[in-house]
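Paired with chain B in one complex and with chain C in the other, chain A is shared by the two complexes that follow.
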Partner chain A sequence: MSTAGEQDAGLSLQEEHESKTHRTKRRDGDRQKKKRRNERRKGGTRAGEGEEDLQAVSEKRERSKRKRAKSKQETSRRENNEEEEAQLTGGKGTKARKDIRNEKTRRMEKEEVREVEENVDKGKKKQGSTKKGEKKEDGGKQLVKGKAREVKKKKHKKTSEEDDDEEEDNDKDVVRLECLSPEELEKLKEAVDERKKLIQSLRGKPWAMKKKLVTLRESQEFVEKYEGALGKGKGRKLYAYKVLMTKKWMKFQRDFENFKTACIPWEMKIKEIESHFGSSVASYFLFLRWMYGINMILFGLTFGLVMVPEALMGRPYGSMPRKTVPRAEEASAMDFAVLWDFGGYAQYSVLFYGYYNNQRTVGWLKFRMPLSYFLVGVGTVAYSYMVVIRTMARNANESGVGDDNSFNFSWKMFTSWDYLIGNAETADNKFASITTSFKEAILEEQESHKDDNIHLTRFLRVLANFLVLCCLAGSGYLIYFVVRRSQKFALDGLENHTWWERNEVNMVMSLLGMFCPMLFDVISTLENYHPRVALQWQLGRIFALFLGNLYTFIIALMDEINLKRKEEKIVKFNITTWEASLYNGTVSENSTASPVTIHPADVPRGPCWETMVGQEFVRLIISDTMTTYITLLIGDFLRAVLVRFLNYCWCWDLEAGFPSYSEFDVSGNVLGLIFNQGMIWMGSFYAPCLPALNVIRLHVSMYLQCWAVMCCNVPQERVFKASGSNNFYMAMLLVILFLSTLPAIYTIVSIPPSFDCGPFSGKNRMFDVIHETLESDFPPWFSKVFSYASNPGLVLPFILLMVLAIYYLQSTSKSYREANVELKKKLQMVISVLFFL
Partner chain B sequence: MGTTASQLSKESLSEYQELTFLTKQEILLAHKRFTELLEKHEKDQIDARVPMGKIITLPELKSNPFKERICRVFSTSEQKDGSLTFEDFLDLLSAFSDSATLEIKSHYAFRIFDFDDDGTLDCADLEKLVNCLTGETNDAKLSSTEMKQLISNILEESDIDKDGTVNLSEFQHVISRSPDFVSSFKIVL
Partner chain C sequence: MLMVSPAIALAFLPLLLTLIIRYRYFFVLFYRAVLIRMWKDCVTGLSREERAFQYVLTHATPGDPDSILDTFDVWCSKVEFISNIGPKKGKILDRLLMEHSPLTVLELGAHCGYSTVRIARSLPLGARLYSIEMDQRNAAIAEKVIRLAGFDDDTVELIVNPSDEVIPQLRSDYNLERLDFVFMDHWKKCYLPDLQMLEGSGLLGKGSIILADNVLFPGAPKFLRYIRKSGLYEWRIHRATLEYSKGIRDGMAELVYQGIK
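Coming up: the complex of A and B.
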């Protein structure tokens, strides 16, 4: 044990001494008062209690004798211990002396306490005071004893005889406690609370386990003994009950915690990776797991509230046109190629928007299907916002002030080692990266700027950015071009085209996402930035690329939606004429016969643009997943296998030289995950199956990537820290969430739904379902209130108020920050002044 | 203390849960790993000690440059040989666990970095610390001028009272601002 611990112990001892002396004094005062009171009362009570008193006194005397003997024994033992301790600490002059001084004062105080006790006994003998007084003193003494015991932590071993003796005492004390005065009770309660607090905070104390254990046991004993006695009469039972329940509750909570940690999936896998690659690679997997959790909840919402009710209680397949495969497609509806593209039977199922019926209620539960569909769509987005923002806030709290550069060197020194690293190779890399970071920091400090050819670097940087912009524009145009072309193909009929032409859009997007980052990496070598800055640029560029791609894709989709809507108008017109002709035909034969004879598959129908959008997204996700897995298998696994086995018969060292093994690209993988999530958020309104697909994808990628990273990746050469980037990822996720909800909300709010498919068919806008519900399911006053509340006259001031509140909070936080800086300066000044004095 | 080395009693298990930042599973795992390190005849012994040489072969500690310091800090052995009892081992894991507070982590970090156990980090301590962090290989070592520069920079930043050493409270002040101390000061079995 080092000296710091001893110092601590010394300090706490001193505190205890102080409080003890204080307490004894107080108690003395109390006792005086009580004695006086007792004397006054003596006349009345004495006669009746004489005999008992005698007994009590004799008992007391015996006990006190025993106690005195015990305490003497203990003091001697303690002295021995102290001598030992002094010998141990002898080498450290001053501190040892201080300790001895502490011990001395402690001993003196101990003696004082004993004197007090003796006084009390004497007083009793002399006065033959009433039982009540005795009890109080006894209680008090117990308190003293408890305290004293705490001081004696190290000398906890008592003989069994003594223990028994004490228990006897305790029993009596508990019984007698009933008639304590309120102040004493209050004090006792305070002591109990103190102990409870101590128990709670014990785990945060840097003590050795033995010390903690002893303290815990003593405190628990103390609390148990006195807790039940607190409270009076009827209240006492209730109190005891409450105490019992809190105990049970605590135990339950602890068990629940244990259960919860046991339920967290992949804990061991992540730990293994953590110890192999350090915390930064593990942070990706933690992020992945977090995503998995969110998607599980999204999946639960859509599955439980939308898909299952429709499948169980809605009209069955084949009962109406929107739920039947049209006649033209029937032949190929079960082909694997069609199903793989989510056409055929997959298209006309609960997986997509178009299958849902616009019945207001389904089944015997009167489940409001369209309303539920709408609310789940809104709810998933709202839930995602809530979770992301809450996590961000928590991360921000944990990471504290954040970019404070005043302790640059100290942080490098004290916090740069990652204690999780358990792999020799990673450790070597870490050593190297720490050394270089030290050297860099020193260099930076020595010469703040030494650009030899600033014009060249500037030119190169501008050039690099120009090239990147060209790449971005090119990829954007390519996607737009491909999407337009695919629309043309779609108009011609998909059967006439090759597989490539059918899957062009997704493939191009995935390939761009794969190769452009590599290109950016090459370009960024031109720039000659510090690696950390370079990483940020790289991330920013990939982000821009993905975003650009996604948005071109959406714009192209919008074009397609508009096309479909034009088509829809024509179809609608055709249908009315078709129906009219149908009716004309039937009316002539039989006026009551309805068009029952027409099979729903034969009914002409509009192009359901919502289902089309959903299908596009699902296809995108599938192809994205496939490319991820395939790159993993080829880029990591195959490369590792080749490098490993060709190395025996190759002219240069493959493992150390050119191809070598791949590193795990944390930032790229995180970005991929974030964009994937963005697509889920965007598309899940039109394809309720998306969260389910994503859950499967994440599940598989967890295992696949864990395996790949352990078997074919090498630790990164530059080991970056995980933290700090965490909130960066979250911020990106938030941006993506916002950007991906924008188009979804736009389509919901401004485009009228298709007339013959989906839960909102026949309505002017999708959100009309809210109005409908308000009007028909709620009392009229409610809809009135709602209409008032949604009045612009009320909403605008409310928004204004919120903006003002945000502004106010921001300005106060800014002023707090300034005050903080100011205080820090003052603190430093004060300390330096103190030093000079 | 209530532990038979072969199996943990229920009471001591709950006490350990109360006193450490570990969950039940973690304690049981720690116990399993610890008994694996014990000699056969020691397994039933209460308070059996595992020598430092064995502790630092644990894969979790093996490549840690501070492994010996860690053992010494957490050891309650009277011979100061860095050997650990099961309870010391639990203390270690608790301080390095996920849910331990910044305060306790920084306290132990300070003691780990305080190589000569004198309660402050002086120049010699800092030099040793730098050498630990840069590894044993010679080419990675910093030159003496670099070392001097580095140490003077560190003292300039964190030695608030300008006494030439970093004491516990100064250390904790510095550490508490660091964004990634808590996440990296972790050892998980």
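Coming up: the complex of A and C.
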């Protein structure tokens, strides 16, 4: 190395640089070779042993440790090398180099002087030469730098070698600068410009990072020093001021950016999780946050336009029968058990449909309460549709189009790394998963050529689907059975049954929703699908399960609604007789007070099926939330604690072996969130408190799950990228939104509201409130126009037009997509051609 | 009275099924290694190792180590379960021995002689194997198996004593200077103390290889943690499954002693 250094010293600056890069390259090459050899050895041994399950956690850990140690060794070795080199050359080599450099500078100075002279003579020719220098790329830059250094040195010589105080030095430089000839000034300016250009283009240079940094710092210092100096007199001060202000401004902007990031809720938390667990887990949290935002708006609508006006301006509690707890329930209305079931005082409050009054306007603002209630109900759903579809459209633009199958291996090669991972262990997992994905891809490629045992695989897949179907049918029947039983209990009177029996439906639904996906997961190992395909199947199955459960629940609710409506008819008849008896003045059993003032608690009332539906949904949400949290605490936290601390005194390794730590289940969590939202959409018309509850739930689960993930989960063995999965979630959300608005719309349109509770009592249908408003609050011509507009003769052509427009837009987008695919293919062709060149 | 309804109990059925399917290998292992053993112990009045030896004696060719090993494998996978090193992991062991051809080998835990025969058959000429077994009855069977395979006292020396008593005496009693290869397959709890004892005795030289079986299942977490931290070894874990079982993951730790740098 020492000889090389001396040789270098003998050569010109440019050559020195080149040889340096060569040397580093050579060293790099050696290192790579070594690594490759190691890897080959490793690979060979592995293949020889025929080991299985290469990517299990502990070995990865161990491997990463080893790798780290190796790299440390390597760096230390390299450092040693460099040190040796430095020592070897240090004695005389560097000195010699310096001397030679000095010589060179002197020579160059001479050249420069000559150049300047030439410039004086020939004027523009000089610029050409510098441009030529520039074109020489690297070496040219180096040369220019050298020149700049020369200029600096010259100045230093001119200013009486005082280096102790930079400021003074600078000033003197500047003072001297003014005395410089215009050519030299010009030169200096050019050098500064060069530097600036260098700084800008530095990022794209194929240099080592260290060199880049050094060059950057040098150039920045240079520019800073001489840029201000180039201006003159007052202008210079102004310039300095301007520079200062731009710097301050940039700093402020940076701070503001940081502030903005800090203002985005949970951004840092999610980033941290992303760095530890990869983007698929983070995508769940992003989804959760997005959902939280939507629920905040839903909550704002229902809270601000429905609950608060009724609470503030509506008639107070106890003023009428629907706002009073009935006499029979009064004794237990404040019990915790009753409140927890959302009975008692909770039932007769703004939280539920039944509490709202049907008076047209409330308070001095003349707030149209029933209209507002109806419009908010419709508006929340419409808003959700809008947001989901808009997000889908935005995501669709981001996700790539075209087939991903044709260049499978090159895609894998160049795009499989997840650049957001910042944790060593996750990176190891990712590394292992990429390796396995390569292996799997190769295997697949091989298997696509030969199809042995295809019948067995097919049979196993059919069997797995059969098992899953059995499981789905079983769970559906269980829920149906439970709901039927609960109806029987309800007929007997709920007080005669235990808490378990009363909450049976919710418990069974939550438990099935929790355990059946695990069973599906186990069954899906039979199928031997690729992980991504397996995940899709798993998602589809869980989706079917949840949907089946939800719809069984809704059908059961419908039955119950019909029961309640029968009951209502009887009650209505009884009330008329009761009123008649009251006005006749005869003594009846259930009223002891005088006929003039009857306490609202004593008035008989109908069963109000809307409140019942709302209560059912609220209970379902609460039990679902509780199950989620308890599962989290037991399944993740308790397990992690046990594994961690029992491992000291257990007969096998708990961490690496049998229970191990849990992984974060992205698919299950996402689907849970989606179905939870579906229930909110379904139930919020009958229980305005649902969005509020959901906001609380999402808020808590954000913190709880963030904590649980960071504290007791390990990164997945298969870390896969989440790109494209977001739109999958969104599509599912859209389906659920549609499916959950169906029953709500059905009940609104086809079932008459209860006669004595809720904002629409006394009307034939709930949407009559719109007719009423049109008739009484708008001028007559408006209602006329509206009636014309709702004429089928006008509506049908309009719908036809819309369908045509949709068809047109779709076909255009299709053609665009095809064009895109074509372009992509061409691009790939070009890239492959470049590769071959 | 707190009565859980049958429907809620039924909802736990999927969980139960999941657990049974997911951990079926462990249940099978429990059945084969514990229940069958207890049953046979009661019925025959012999120990498990004695039964295995009887089978080997009647089915294997004397003097042929391969045949003896195969017979053991058949017995362990078809009849009963003994935690030998097994054929798959045994291949790793064979390969390591072939590659390094050690001259002095120490085996901790001979059990019924399977691994001893396995090691002895791959040793180069003039090499010597010291095998330590704590249990008297097992050692007797191991002795018989080793002689049956045709290895004499010069190749294999069986020491019947607990390993923590033998290791400090190795240098003085057996005139050992250095151990080229150590195979650990005794009590998992003893892995760490024995390793430290070996380090303390100075028998390990640069390049000595230590192979520890069953480090993942039943597992020796303290041992693994120690070798991760100590920095005296270059180490790796060979992944495999537990002997005579498909679904249980296990591994062998291969340590190469580097000494203090």
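We adopt the following convention: the second predicted complex is superposed on the first by the 526 of 837 C-alpha atoms of A that agree within 3 Å, B and C clash if a C-alpha of one lies under 4 Å from a C-alpha of the other, contacts with A are read in each partner's own complex, and residues count from 1 in each chain.
Methods note: a residue touches a chain if its C-beta (ideal position, glycine included) is under 8 Å from a C-beta of that chain, and two chains touch if they have at least 3 such contacts.
Just so you know, these numbers come straight off a predicted model, no measurement behind them.
When the two structures are aligned on the shared chain, A:Val522 is found in touch with chain C, with no touch to chain B. Legend: residue contacts after superposition of the two complexes on their common chain; A:Trp781 is shown touching neither chain B nor chain C. When the two structures are aligned on the shared chain, A:Phe336 is found in touch with neither chain B nor chain C.
By the touch criterion stated above, A:Trp364 is placed in contact with neither chain B nor chain C.
Contact comparison for chain A: of chain B and chain C, B touches the greater number of residues.
Shared-chain residue A:Ile434: touches chain B; no touch with chain C. In the superposition on chain A, A:Lys212 makes contact with chain B only, while chain C stays out of contact range.
Judged by the touch definition given at the top, the superposed model places A:Ala656 against chain C, while chain B stays out of reach. When both complexes are overlaid on chain A, the residue A:Glu504 reaches chain C alone and has no touch with chain B. Touched by chain B in one complex and by chain C in the other is not one residue of chain A. Contact residues of chain B toward chain A in the complex are 1, 14-15, 17-21, 23-25, 59-66, 73, 76, 78, 87-88, 90-91, 94-96, 101, 103-104, 107-111, 113-114, 117-119, 126, 129-130, 133-135, 137, 140-142, 146, 149-150, 153-154, 157-158, 160-163, 168, 171, 174-188. By the touch criterion given at the top, residues 1-5, 7, 88, 199, 202-206, 208-210, 212-213, 216-217, 251, 254, 257-258, 261-262, 271, 274-275, 279, 398-402, 404, 406-411, 413-424, 426-428, 431-432, 434-435, 438-439, 441-442, 445-446, 721-724, 827-828, 831-832, 834-835 of chain A touch chain B in their complex.
The part of chain C that touches chain A in the complex is made up of residues 1-5, 7-8, 10-15, 17-18, 21-23, 26, 88, 91-92, 95, 188, 215-221, 224, 228, 234-241, 249, 251.
Residues 45, 48-54, 56, 58-59, 62-63, 65-66, 471, 475, 478, 481-482, 485, 498, 500-501, 504, 507-508, 511-512, 515-516, 518-519, 521-522, 647, 651-658 of chain A are the ones touching chain C in the complex.
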